[in-house]
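The structure is given below, and queries will be raised subsequently.
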Amino acid sequence: MSASTPVDPGYSKAHTALLFVDPYNDFLAEGGKLWPLVEVVARSVSLHQHLKAISDAVRKAGMQVFIVPHHRAEPDDFTHWKNASPYQLGASAIQVFAKDSWGGEWFSDFSPQPGDIVVKEHWGSSGFANTDLDFLLKQKGISQVIIIGLIANTCIESTARFAAELGYHVTLVKDATAAMSAEAMHAAHHINGPAFAHLIVDTVQLLTLLPKA
Amino acid sequence: MSASTPVDPGYSKAHTALLFVDPYNDFLAEGGKLWPLVEVVARSVSLHQHLKAISDAVRKAGMQVFIVPHHRAEPDDFTHWKNASPYQLGASAIQVFAKDSWGGEWFSDFSPQPGDIVVKEHWGSSGFANTDLDFLLKQKGISQVIIIGLIANTCIESTARFAAELGYHVTLVKDATAAMSAEAMHAAHHINGPAFAHLIVDTVQLLTLLPKA
Amino acid sequence: MSASTPVDPGYSKAHTALLFVDPYNDFLAEGGKLWPLVEVVARSVSLHQHLKAISDAVRKAGMQVFIVPHHRAEPDDFTHWKNASPYQLGASAIQVFAKDSWGGEWFSDFSPQPGDIVVKEHWGSSGFANTDLDFLLKQKGISQVIIIGLIANTCIESTARFAAELGYHVTLVKDATAAMSAEAMHAAHHINGPAFAHLIVDTVQLLTLLPKA
Amino acid sequence: MSASTPVDPGYSKAHTALLFVDPYNDFLAEGGKLWPLVEVVARSVSLHQHLKAISDAVRKAGMQVFIVPHHRAEPDDFTHWKNASPYQLGASAIQVFAKDSWGGEWFSDFSPQPGDIVVKEHWGSSGFANTDLDFLLKQKGISQVIIIGLIANTCIESTARFAAELGYHVTLVKDATAAMSAEAMHAAHHINGPAFAHLIVDTVQLLTLLPKA
């Protein structure tokens, strides 16, 4: 899985899709509730520029885009839940991606476009868990997923781990995601990713592998 | 989630179970195919001693034990699969946990005991994916899982991530697992685990939280 | 499973919930798009009266109510889907439970009440498929489900078949559902139901089995 | 969905597979424990002849065959299960498809052939529930399933309902299955099947739709 010569995964617009996880203002915009936590890493990998380059390229190639959104917080989430996690309770306390708030709106550059599919919101970290993502991928004939967005070691990694267990071919893009630390990025792409992903590339490499329009 | 004073999770033999992942000779025995890869970390955390202490204590408390085994390799696995991962192909090449081989037998100290439930083998990293683990946990009324065994950042972590997405209360035990590097252990317990686990303890702490027989 | 003396299932407010499937105007109200198809059977079993009696009784007993809604139709549903079924396409053609329409609103007597949980909409017949129903049942500690609503041999039966495969205890209520023919009701409760349901009762029997408030 | 002119589903060996459910002696052989229950219907539809014709034709066409087996009974199944169903307990009492017994062996005409995939055993009625069937279908690139075997309104119907909810194109074959009564066959193919299946044909029609070798 050398950085310079990835194996050609044979992407095509018929069976390869982009999964764009959590393109919310709270993650990506100045003033977003979580932006301060990911800003350093995001800037270090030129996150916005890469998300835009990939998003534009896959659309130009005629590939299907799936928006994979986290649950938008409401004040009474988790009331009387047996097993809400400390992490969920923490996010709830500050109402991350609050429903009907600016932070829970799409970051303007990455709003869904006509033809995009917005899947059901996920409660935890995996875009597949308790949603219709697997079902809708099948309805579009997709067998390969390229996963970008936030956060590398939480939602991106869980979505990728689930995708692999469901039988999909999984591509991670090292500089089209971010995390709370460089250490977390390293864990996602160099320690854990190789155990389940089929391909781990950077944006420049990915663009060379996309099908022509 | 301080190491010294974990929140009492309210374990009970009625609704808490131990998931023991991949207690195979290939992982745990001298001469096992993967033992050389985990040996340094395993010795550094006194892995065998802690697995034994926990296994003994949960049985003494009358708690249900689930054995969660990885697929036992056969020579023609993955033939003509579309999306076998590089990691799966690598394991197949050396026939890890080979069917009908010593390496694919239970490590003697951790063989299933009468009353234990051996769930279906998993193809990837999660003990829940493509198996009957969730179903059998429900049949036993279990809502909390304590996950031990191998490997901290692959099968243990995927099983734990899936457990949380399925609604279970999840406990990780830092010194009742191992990995290929100290860095991978750190990633599992300090970078990633807090995003999905409900409790991360060490064996000594765990033992104080178990219900009395 | 004699009608006169059902085995006591041991319902309790702690672990038994009501699943109310598709309480939409299009199904239950005069003028609803599907009401003409189920009206004869609905009247023959006193459907509305029984749904009301059960709904009132479970709330009085302090039991959790889950509303399990079908997808609300939008004009471009199923565009370019590989495998939309003839049945889905037929429902789409007349925009059953159309989004933002009266037909897609809750029938007034059965609107969600404070504390009820409205799960994600299902695309097909099973309230569990591609939704968060299993996850939310776990978060409430539920292991037994009583399933009422529409239609006996489609959504109720698929939801019940999935519930059983997921490990839940399943109760069907013969006169708290309806179908397009008496023959379909017979199929649901006398031919198929006994193969997966744990208990099949009528409303009068159910009410005697509910826990006291 | 007229019997004389089914819509051509576009089967191909690349993306269409046969699911052969429960081809056990206990179902199909003289002396099998369940054969007396299905014999009348089986003979009325020439079951064995049609299963053989389809099995031969799909193999000749180079299509993938999946064997989808029910759990083989063991004496202590369901011990201390919370929610074993009356139907499961009844089957257990007579040890249907008993492990290591003749009844739990494949009926000789329908034993797995080289290249067939035998999926994990299912505990209930659906071949997808708690097994690796969805995962293995993906690994073979399958998006359409033709489901034959036993019993029309239990395992065949549940497997078909699950397949549709998972996004597959589903074909039922009316005379390549059987049930305990003609009424149950009618329920499966004329009352319920049209609500989830994409195509319901008889064997003669199916054979005309299969791809050429």
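As written, the chains take the letters A, B, C and D, and residue 1 is the first residue of each chain.
Here is the rule we use: a residue touches a chain if its C-beta (ideal position, glycine included) is under 8 Å from a C-beta of that chain, and two chains touch if they have at least 3 such contacts.
Everything numeric here is computed off the predicted structure, so don't read it as measured data.
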Chain whose average C-alpha position is farthest from subunit C's own: B
Centre-of-Cα separation between subunit C and subunit A, whole angstrom: 34
Centre-of-Cα separation between subunit D and subunit C, whole angstrom: 27
Overlap residues in subunit A, where contacts from two or more other chains coincide: 82-83, 123, 129-130, 134-135, 138-139, 141, 143, 165-168
Chain contact topology (line, ring, star, complete or other): complete
Interface residues, subunit D side, partner subunit B - complex: 80-84, 120, 123, 129-132, 134-135, 138-141
For the subunit B and subunit A complex, residues of the former touching the latter: 1, 82-83, 85-87, 123-126, 129-130, 143-144, 153-154, 157-158, 161-162, 164-170, 181, 183-184, 187, 191-192, 194-198
Residue ranges of subunit D touching subunit A (in the complex, touch as defined): 134-139, 141, 143, 165-168
